[in-house]
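What follows is a pair of complexes built around subunit A, which joins subunit B in one and subunit C in the other.
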Partner chain A sequence: MLKFVVMRFLSGGLSLAILVTLIFFFARLTGNPTDLYVPMDASEAVRAQIAEQRGFNDPVVVQFGNFLADLARGDLGQSLRYARPAIDVVADAMPTTLTLAGLAIPIATVLALVIGSLGALHPGGIFDRIAGGATLGAASLPDFWLAIIGILVFAVVLRWLPTSGTGTALHWVLPVAVLVFRPLGILAQVVRTSMLGVLSSDYIRAAEAKGLRWPAVLVGHALPNAVIPMIMVVVYQAAGILNGAVIVEVVFGMPGVGRLMLDSIMFRDFNLLQAVVIVTAIAIFIAAAVADLLLALIDPRLTHD
Partner chain B sequence: MRMLISVATAALGVALAAAPALAAEPGEVVIVAPAGPQTMDGCQSNVSSTARILKQNVLEALTIVDPVKGGAAPRLATSWEQSADGSWLFKLRPGVMFHDGTPLTPETVVYSFERMLDKALGCDPFIFVFSGVEVKAEAVDAETVRITTNPVQPILPLMVESVAIVPLATPRNELTRAPLGTGPYVFTNWDTQTSVTLTRAPSYWGEMPAVTKATFIWRSEASVRAAMVDVGEADLALSISEQDARDTDLMYQSAEMSRIKINNDQPPFNDVRVRKALNYALDRRALIGTLLNPRITLANQIVGPSVFGYDPAIGQYEYDPVEARRLLDEARAAGAPIDRPIRMISIAGSSTFANQDEVIAAFIAMWKQVGLSVTNEALEMGLFRSSIRRENFDPNRNPTLVFSNHDNTTGDAGMSIFSKYHSSNGTSDLPDTPEGIKAMDALIESGMAAVGDERRRIFGEAMRLEHDEIVPEVWLYYMVNIVRKSDRINYEPNPRTSQVIDLATITLN
Partner chain C sequence: MNAAAPLLRVENLSVEFRTAAGITRAVRNVSWSVLPGQTLAIIGESGSGKSVSSSAILSLLPMPPARITSGRILFGDMDLLTLDASQRHDINGKRISMIFQDPLSSLNPLRTVGSQVVEAMTTHEVPRDQAQARALDLLEQVGIPNAALRFRDYPHQFSGGQRQRIMIAIAIAMGPDLLVADEPTSALDLTVQADILQLLRDIQKRTGMAIVFITHDINVARQFSSAIVIMNKGAVVEAGATAEVLARPQDDYARRLIGAAPDPAAPISAYRRPPGRAPLCRVANLSKTYPARRDFLGRRKGTDTAALKNASFDILPDEVVCVVGESGSGKSTLARALLRLEAADSGTVEMDGRNLMALDGDALRRVRRDMQIVFQDPTASLSPHLTVEDIVCEPWNVHGDVVPAAERRAAAERLMELVGLRREQIALHAHQFSGGQRQRIAIARALALKPRLVVCDEAVSALDVSVRAQILDLLTELRRQMGLSLLFITHDLGLVRAFANRVIVMRRGEIVEEGDVQDVFLAPRHPYTQSLLASLERLVE
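The block that comes next holds the complex of A and B.
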């Protein structure tokens, strides 16, 4: 197991190093950011000066060397737009995104387990058909539409919830609800399909033959095997939110990482972009590593390679 | 079951108690803007997300731009006069204190100018207003500051409006995140992710404003901003979109105009007849009240009526497809390649006004009616900005139009005319011949050196020449903007509202 964990971390570290290198060079392929930091009317002298001051005139390889040296010291540089350390800007935004993911994914997972399992119990039944249609719809509905309709109905018409922002528990209800929809739709379909396969297995029939009651068969025997394919899907869905639930963050005015990443690309704020990518990559790497360990614990065969 | 109901009731109670206060405290206003600030230093006075919070509320300058009449009015300077050598003497307002308790002195003014115009700090006043100008500020006596510029700036009282006066405690070589000024509001808190709070300064030198506390928040989505006023979460919502607007919303003429630049580096745009035809071919009026707000007006010069130098005598290129075709036929007969595909570039994801994409599509269809083939290409902002620089023009590129906008919040046409038509600027649009360029440069320079009616006359002449003879652009519209306010407050928007929210002008019902 220890070897498995060490190998997992080494491969994760290698992926991170490749990612950091790629993001550095790809970001610079978009061009010199000087144009974004001086007005269109600025004189040539001013443009040249700003470019020189901010190191945009150095060869890219020199810039990369400087970047690695700073990185080794844990310094991800200053955000050009925010005029403060890029890592601080990301650190301010990260709690919002982590909270969104931390609420939406567990809720979606639990609901998906219940809906998918119940649907698989009686395939083709009324519940299965309704749940199948509803989860397919949930997976397909655009976030933007859901968010605006949610605000109109629950904030403007019913006045039950605030329109947007953060501050109280109620502020999180609409954004989390919108974020739950897509993972719920996908996960419920995965659970149903997986459960259908498991329920037709010999060991389930053997459990039934032993005289176990259905809930015990379902929870004690079927579910642990049915969730194995679901775990990686949960991680991918969580990674999607960690990467930034851009639309939800924009519509609800939630100060998260997704919005930050989009802005850093639009405004060629390279240091901020690098900081966002590195921090989210680490978060996703940790989530994937935890999932791997969880899978290895559930299914020890996975550690043998 | 009874226990379940009890738990549910308790949960609902907690949830309702946690609901945001829909009514602000008396004296407090909440303003929701499209974007939050990235910095909190007067150094970024041209970034609207920062300026609308700080300018005139926390930070004050020697002068202020009159938002309606234009021109400079007193603020921290009570009067000013130009010396025979061209320098300006500003008399400071007595008894003014900074928020850190130190007094306003000539030394603080000198410090503020040195800081704001330090090349290393790259502040907006240096980049936007004083670019290419040597500035020296010096204390003359206990209440007078002399500002000398090279070349002499006849509109210096207007230009100094961009330089916030800060106390000596403001860091010299870095941007501050806790600005100190002399304004009617003290900077109190900045939660970088959610809000900025200002509270009324108890020792303000001027009349005490009605608003005691102002909270600035930001939401990108216009429909959400509008809904926030409806449900009582905000008192003032800026930039309401056309689709969300209703009759009770406040509309105002903004300082912004939209235009399509005609780059004359490629034929057939080097033929003035083709440039005029581009103007005549557009039925701009037909889109007002349909795709565009009914209060939008037609533009015919680079500044709007509220700006000093605007010339009401300049005419319009009224829709005349027959004249457009005649001009194109004439140009074609003279050898101009009218059939070349024309490329128009615009900024991707950025809308100067609501329904911009539909308006562009309508214009392209109108140009097609007279035989011009135009396609629009939306570019990422950085690429757009580098594409419009003359030095980057590819000699083999297609004839190019640039969909653009311009706003002048200085109140003086000089800034606009110089940046858009003088050859020293890398993105300006120039006459076709070297002689023409030289003559226009000389005219603009003489206007920049003039004052009063002479200045107005020269600027008017420059803009008339541009409109009637040089035709470097298609003039589109002077824009309007929409805000929504709650019944709790009284507020009249003005052309500078997008840039400056003067809290002192807000009263409470």
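The block that comes next holds the complex of A and C.
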């Protein structure tokens, strides 16, 4: 098991290194950020001086070298826009995004397990057909549309919920609800399909032949097998939110990582962009590692040879 | 007939399956009964309804699409078709239990085998500590070595035969009155098959349970059962005492089915390999090793597997060479390496004196034209998107000179007739044919290039007995007409007896014995061949 974890870290580190390199060079293709940060009427001399100070005039390779040297010291540099260490800015935004993902993904997962399993128990039945249409719809509805309709109905017309911000628990209801939709739709379909396969397998018939009662068959034999294909999909969906629930964060005015990433690109705040990418990549990597570990714990075939 | 009251009576059972494609009446007015302690064999080909009728006993039919339209299943004076969930719980696994065809998929892969045996008892209110002690005892009884050490192992760590033994341990855990065995040995190797039958018989002697044994194998039924029911297309066509029915079948279908089964007492084909003839195909020292898997850093996990070790043999023109062996013996690797579908590590394959291993590109393509293959599963080996015409004509796209483009349609139709299909069926897709017909299409494709050697890799193993006999007849007839040589790979020794000229016996990647068929069968030299043949003839006591 230890070897498994070490391997995971090595391969994860390699992916991260490649990612960071790509981001560094691609970001600099967008141009020199100096113009965005000096007054419109600043002289050429001032512009040149600032660019020189910030190192924007150095060859890109030299900039990359400096970046790596800083990185080795654990320093991700200063954010141009916020004039603070970039990592601090990201750290401030992270809890919002983590909370969004931490609420939306478990809710979607549990609902998907219930809806998908119930559908698979009576394939083609009324519940299955309604759930099938609804989950397909949930998986395909655009975020921004859902968000705006949600605000219109629940905040503007009914006045039950606030339109934006993060002040109270009620502020979180709409954003989380919007974020639940797509994972729920996709996961319910995954669960239904895998459950259908599992329910028609021989070991389920064998469990029934043993005389096990239906709940014991379902919980003890069907569910663990049906969950396996779902785990990786859960991680991908979680990664989608960690990577920045850009639209939801912007529409609901939530100071999360997604909005930060968008801003850092628009303002050519390279250090901040790099910091955001590194932190989210690490978060996603941890999520994937946890999923692998979970799979290895559930499925003995993965750890034995 | 015995005067004792039947243990279980199936009366006028009818089952239909409703699907989008329409209603299939899978079982029609079927009646049979089994006495306490008796072994009843239910025989039939795929689609005969033999498994459907017995799945109904334990309420294992998927409903929907299945629907029971008439009948009763009486167990004592209880109708098993009318039980509620709690009555059902008192029957399944306790009074009646079941084992299935595929031991590889009948155990939950995520749970230890011990827990799965224990569960069969705890669900019937046996206290956990007692259940654990008995589970260990059961695993020993069914012949799992080191049962105590292996209690916490997972199903994938056991062989197919061992997994079927574990299934049997689960089935007998509560001491049932009746065991329903649905093709319990069909997926197993011959030697393992005999062991499992013997185990079932031993348990039956000790416990006195009755067995309903569902099988397609008449020879197994002959050895194992005292009463027999023969089913065809959902109906019982003949029933009675096994010896009586098999010796003097009354029904037409029953007669054909019994006639098609390889008869262990049938004469062996006599063949003397003519001396001095040049071989069509000469295989020398062919070897193939599958390297061990490697981990992230390239270190080897486990050991290399030598799938084929220094295989050498000849095939003469117009000769049927059968390769027999159990699963994992390297038969299929041999076929693939011989055709260069897979690269051998060393050795040579000569067709007409030209070494295939040294050829490339066009030269290789020209030689390959003479060597074709028919695979085991015709459903998987025929593309579902293509019409039969596309499938049969496809080889001519590669070898354009065999048949001029203008004549291809007519030539393809002739091939259809040659393999016993109708000309007009050429426009259909593969899924519109039965399994046997699909294999005929695969054979037509193999014959399109007028090959001189056809390799059949378990080409009839997936087919029903009567269909199997037809395909073998077809191959024999084609061989006569076209002067083909066949390399016929099979695990079915009974088939080899009547069909082969030469026999090659493989074990663990090595050829352990080779010779003319009657020599190998009547005077096997290698101990492995002897044990293989013994398990074919071994009667269950």
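Going forward, the second predicted complex is superposed on the first by the 299 of 305 C-alpha atoms of A that agree within 3 Å, B and C clash if a C-alpha of one lies under 4 Å from a C-alpha of the other, contacts with A are read in each partner's own complex, and residues count from 1 in each chain.
The working rule: a residue touches a chain if its C-beta (ideal position, glycine included) is under 8 Å from a C-beta of that chain, and two chains touch if they have at least 3 such contacts.
None of the values given here were measured: they were computed from a predicted structure.
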Legend entry - Combined model on subunit A where subunit B meets subunit C, clash or fit: fit
Inset, instruction - Please indicate which partner A:T21 is in contact with in the superposed arrangement: first for subunit B, second for subunit C, both, or neither. - result: neither
Inset, instruction - Would you please give the vertex angle at the Cα centre of subunit A, with arms pointing to the Cα centres of subunit B and subunit C, as a multiple of 10°? - result: 150
Legend entry - First, second, both or neither for A:S140, with subunit B first and subunit C second: neither
Inset, instruction - State whether A:T96 touches subunit B only (first), subunit C only (second), both chains, or neither. - result: first
Inset, instruction - Classify the contacts of A:L10 with the two partner chains as first (subunit B alone), second (subunit C alone), both, or neither. - result: second
Inset, instruction - Name the contact category of A:N57: first (subunit B only), second (subunit C only), both, or neither. - result: neither
Legend entry - Touching partner for A:K210 - first (subunit B), second (subunit C), both, neither: second
Inset, instruction - Answer with first, second, both or neither: which of subunit B and subunit C does A:R301 touch in the superposed model? - result: second
Legend entry - Broader residue contact with subunit A after superposition on the shared chain, subunit B or subunit C: B
Inset, instruction - Using the touch definition from the top, say if A:V251 reaches subunit B (first), subunit C (second), both or neither. - result: first
Inset, instruction - Report, in whole Å, the shortest distance between any C-alpha atom of subunit B and any C-alpha atom of subunit C after the two complexes are superposed. - result: 27
Inset, instruction - Enumerate the contact residues on subunit C facing subunit A in the complex. - result: 55, 58-60, 62, 64, 85, 88-94, 97-98, 100, 102, 105-111, 119-120, 123-124, 154, 156-157, 167, 170-171, 174, 293, 295-296, 301-302
Legend entry - Residue numbers on subunit A that touch subunit B, as the complex places them: 30-33, 35-36, 38-46, 49-50, 53, 81-84, 89, 92-93, 96, 148, 151-152, 155-156, 159, 161-171, 250-253, 255, 266-268
Inset, instruction - Can you check the complex and tell me which residues of subunit B touch subunit A? - result: 14-15, 18-20, 38-39, 41, 46, 119-120, 122, 126-128, 131-132, 175, 177, 192-194, 217-221, 223-224, 227-228, 230-231, 233, 349, 380-383, 385-386, 388, 419-420, 424-427
Legend entry - For the subunit A and subunit C complex, residues of the former touching the latter: 7, 10-11, 124, 200-203, 205-214, 216, 220-221, 224-225, 298-301, 304-305
